[in-house]
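Pasting the structures here.
Paired with chain B in one complex and with chain C in the other, chain A is shared by the two complexes that follow.
And then the complex of A and B:
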């Protein structure tokens, strides 16, 4: 018990330290050549070096904040889904939820570009949420009928394919310029996120994460089985609906602002649970958020600096780090089954 | 002393020899039996036996054979293009204006660009009247339509290199495929000079050369005028927030330089080389760092769509408010015809010149000022 507590405290300290360090590095490093001394003097006297000041405050700061907030949101979304399905591989990307969000955002983008109207951030979140809920509805319907996790995952992948094919259908009848825009967006990026968007993301993500944290107790009971949760007084239907709603809001928010970001929702909760040695929501949920934030800050730093001044898509980097974790989990489960 | 004089004399003779050799080489570069090309580097045309013309584009060789003649046997590797050309399929949108300029638009029957994507009125009219039909994207053309229309030639852009199977399939149907590489020309006038190739293909060389000469004359003193030192950026913001700019060696920056201005980015800024053409996406902060002080900003509406005002642009990129060009009201947006109206390269340079000299109207043919 004592060891567990020490592990927990140490884990949180490390995560917080990493968050601070990576946030600082993200603000200091970039394609523009701004040394630490220049950064310091620009922040102290903005008028003396307005270029550096604006790059730091209007480009790097909102982007760093968005990467941390949205990364945390994705990890929490994945954690909620894993609890819901009692499946460590469940995540918004793998279950096709991100693809659903991508489809509706794509439809909205093509429509807005062809009709010549602009879509607000809230409009994008709304469209992404509708798409996410549609995919989630289908996954829920399937999950009620199948018991095997692998079937559910395959169904999720299939939903992803269906959404992608409908997106392709839309693309088929779109102008070339729409296709280019859609292609750019679908690669995922934290680039171009302005202060207002970072604040909107925070206004959506933080209340959703707090609500998820408040569900820790019933979530804990649910982890021990549905009948145990019912006996503990959990109103299962309302609880499940809330869990799905929160998870969809979080993943929809990420898709709306950064496009589809892969593997964070699966890999981060798993790594966090392994490091902390517990799956108790009350202990692990904030850690998942911090872990997601740290993971996305690191990946975003790589996307911005590896081939500067060009930039990689965020999913390219998250997949490189995240996909091996999923493979490891699948192998680990197989080995576990073989030992039984 | 004598040794020095002798050495100097030897050096002078050597230098004179080299320069004479250089002149001789440049003279033999355009043999008498070849088409005279002033700017284009991506194709050559050599007049051979039987009134035929051997066109070389990159690695590809084409033998343009006049009506009633046969191709000389010495060039068996060349693809035979038999005149008169009728029912041509054009999948290279930038070539359409050149074909039109050469007076051969009526020979084109099929295109891979949809009606709504054309900004050339002559092409739209031809599509309205049913003379030109859309037969699918370049990567998935309607092969049956190509056969049914008895297509005489398929003109493809370099995009076909990404779908080699399409080229193979068209060739398998017995239709010669010409891959036009005008987009590889660094010199904007080189792109325009491809009109001469279409003149040869369609048998209207005179009209093509006449139009080319008229257009280049338009530039008059612009090319020899002293640079006024004004700097300009050419960009758009993509849907994921990146800034898409032209690589410094591309033809658009070259047009700016020809018009007397300076492109804001150098190859070292973007990590590119002299051979890098077209566009690249850079991070918003790189763009801000280099372009905030540019005298002129030109927004490329081709992909991202046109904008009406600077405030509309600032919604996509709020930092623009700090840019010198925005403060001075020197922000321009391109019209849709900028990339399709290939014969307008000289007019475009002239418009850029007006922008750099501060004599431009708010609304021009290829660009308009953002309020």
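And then the complex of A and C:
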């Protein structure tokens, strides 16, 4: 009990520190290097250093904020899905939910480009949500028939491939100069996110995360099995529907702004749980959010700086860190089963 | 008279439209243990699931403390009824105390944080069940017996009126089973809880229950005290096994008897022959036995397994008539074993039988069979 509390407090302090440091580094580092002192003076007196002020407020701050908010959203979305499927390997990317969202967003974008109408951020989120729910529906249908998680994951990956190839097809058939942007987006990237988009993302993500946090009590009971939750007085249908809804909204929001971002949803909750030594949602859910934010800030920093001025796609970097974690978890689970 | 806390009236239970159990009426009293027994698939679990509202009843009603459970909120019902189900629970990063604390669920607030009182009740429950030292252990890495106890502690720290357990002994070894039964007995009387459980182990049901409800062919077949249920060959009838192969006194079953002509005659008594009877039955060798007193502890096994059996009335010395009968059967068999090591006044006849076998040269040693 004591050690658990110490671990919790220490963990949260470390995460918050990392968040602040990485956010600062993200704002300062880049093709135009801005020192911390210059950052401070520019923010204090915008007139004195117009260039730095513009770079910071127009480009880096929105991007940093978006990376943090969307990273957190992905981790929370993954955490909700893991609880829903009672399996630590579930996540929005692995189950094909991000890809479903990607497909509908791409369709909407291509349509808007060819027809010449503009789509608002909320419209994009809406489209992504529709796609996410479609993938989710298929995944749920499969999970109703097969109980084995490995089968479900393979199906999820296949859904992902199908959606991606259809997306590629759509993108190839539409000939527009803007398609370059679309292509970048479909690989996943935090670049080019403007202030308004970051604010919209925050307006969607924060309420959804708070709602998820308020579900931590029934989620905890659900971790002991569906019947256990029922016997504890959880209204199971409403609860399950809410879990699905919230995780879909969160991953849809991420996809709408940053495209599909891989493995964050699986790797971050897993690392957080093992570092904190607990899976109690009320203790761990905010940590998942912070962890996702830190993880995405770090990865985004790498995409921008590793081969600057060329940018990598965010999934390239998150996969390098995230995929080994997933492989490790699969192996670990199998070994655990063999020992029982 | 104890207070009735749960009552099911004319309950019909099942899945969807398929009725599994029909027109069942049962009552559970505080401080008492009600056990459901019956063949596989008879609907024990279905009944249990229905009285804790995991399944909607197809017909009839369930009342707790006089209130229809369909009118209770999930939370009210959870405060009153704790359930322990079969099936392994897979958890990750969950310590045992976390699991026990979940038991307070219906009493905690929005975020499920425990009050000082909740912590105290959790502590008490863990002490009562004897798992205090497991508190920080990972729930996924303890034995099945320990896991069952942790879940039980969670169930009772809720301070329910009714505790429902669906085949709680399934994954447990003998010792864990006995400990669990002891614990249930103690819980029922100390916390004045009505315990309702289903069991496959008849010997446990016989020992632990205050009342036994037998379910057969989708209806309550018989209800009564263990003495009433374990009599008149009823258990054999309930499970559809042949008469005599179930020992009512011990609640234990035997394999069915072989009916071929016996090859070996066993001179037994006082329990000395039981292991040989079972060994011969396993090997598929038909045998006869005698001369066993009807109050002898090996009588039930001999009666269940021997193709032919010579018996004597309780506390009577072996009569000449019975001796002659036994001798005749023994000669027909052509082989004999004497498992009795000590003879007294009551079984002088058995000694004579053994001597006769010796003289005939057909007496073999038990080890050589």
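In this text, the second predicted complex is superposed on the first by the 326 of 340 C-alpha atoms of A that agree within 3 Å, B and C clash if a C-alpha of one lies under 4 Å from a C-alpha of the other, contacts with A are read in each partner's own complex, and residues count from 1 in each chain.
The rule is short, and it goes like this: a contact is a pair of C-beta atoms (placed from the backbone, for glycine too) under 8 Å apart; a residue touches a chain by one contact, two chains touch by 3 or more.
These numbers come from a predicted model, not from an experiment.
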Based on the superposed arrangement, let me know which partner A:135 touches: chain B (first), chain C (second), both, or neither? neither
Applying the document's definition of touch, where does A:200 land relative to chain B and chain C: first, second, both, or neither? neither
So, A:99: does it touch chain B (first), chain C (second), both, or neither? neither
Which of chain B and chain C A:304 touches, first, second, both or neither: first
Quick one: is A:235 in contact with chain B, with chain C, with both, or with neither? Answer first, second, both or neither. second
With the two structures laid over each other on chain A, which partner does A:277 touch: chain B (first), chain C (second), both, or neither? second
One more residue to check, A:54. First (chain B), second (chain C), both or neither? first
More residues of chain A in touch with chain C or with chain B? B
Considering only the touch criterion stated at the top, classify A:143 as touching first (chain B), second (chain C), both, or neither. neither
Can you tell me which positions in chain A touch chain B when the two form their complex? 30-33, 50-51, 54-55, 58-60, 109, 113, 116, 118, 175-177, 180-182, 184-185, 187-189, 191-194, 259, 304, 308-311, 313
Write out the stretch or stretches of chain C touching chain A in their complex. 52, 54, 73-79, 81-83, 85, 87, 89-95, 97-99, 102, 105-106, 108, 110-113, 135-136
Enumerate the contact residues on chain B facing chain A in the complex. 114, 116-117, 237-242, 269-271, 280-286, 288-289, 292, 302-305, 315-319, 322
Okay, in this complex, where on chain A does chain C touch? 1, 3-4, 86, 88, 214, 216-217, 220-221, 223-225, 227-228, 230-235, 273-274, 276-280, 282
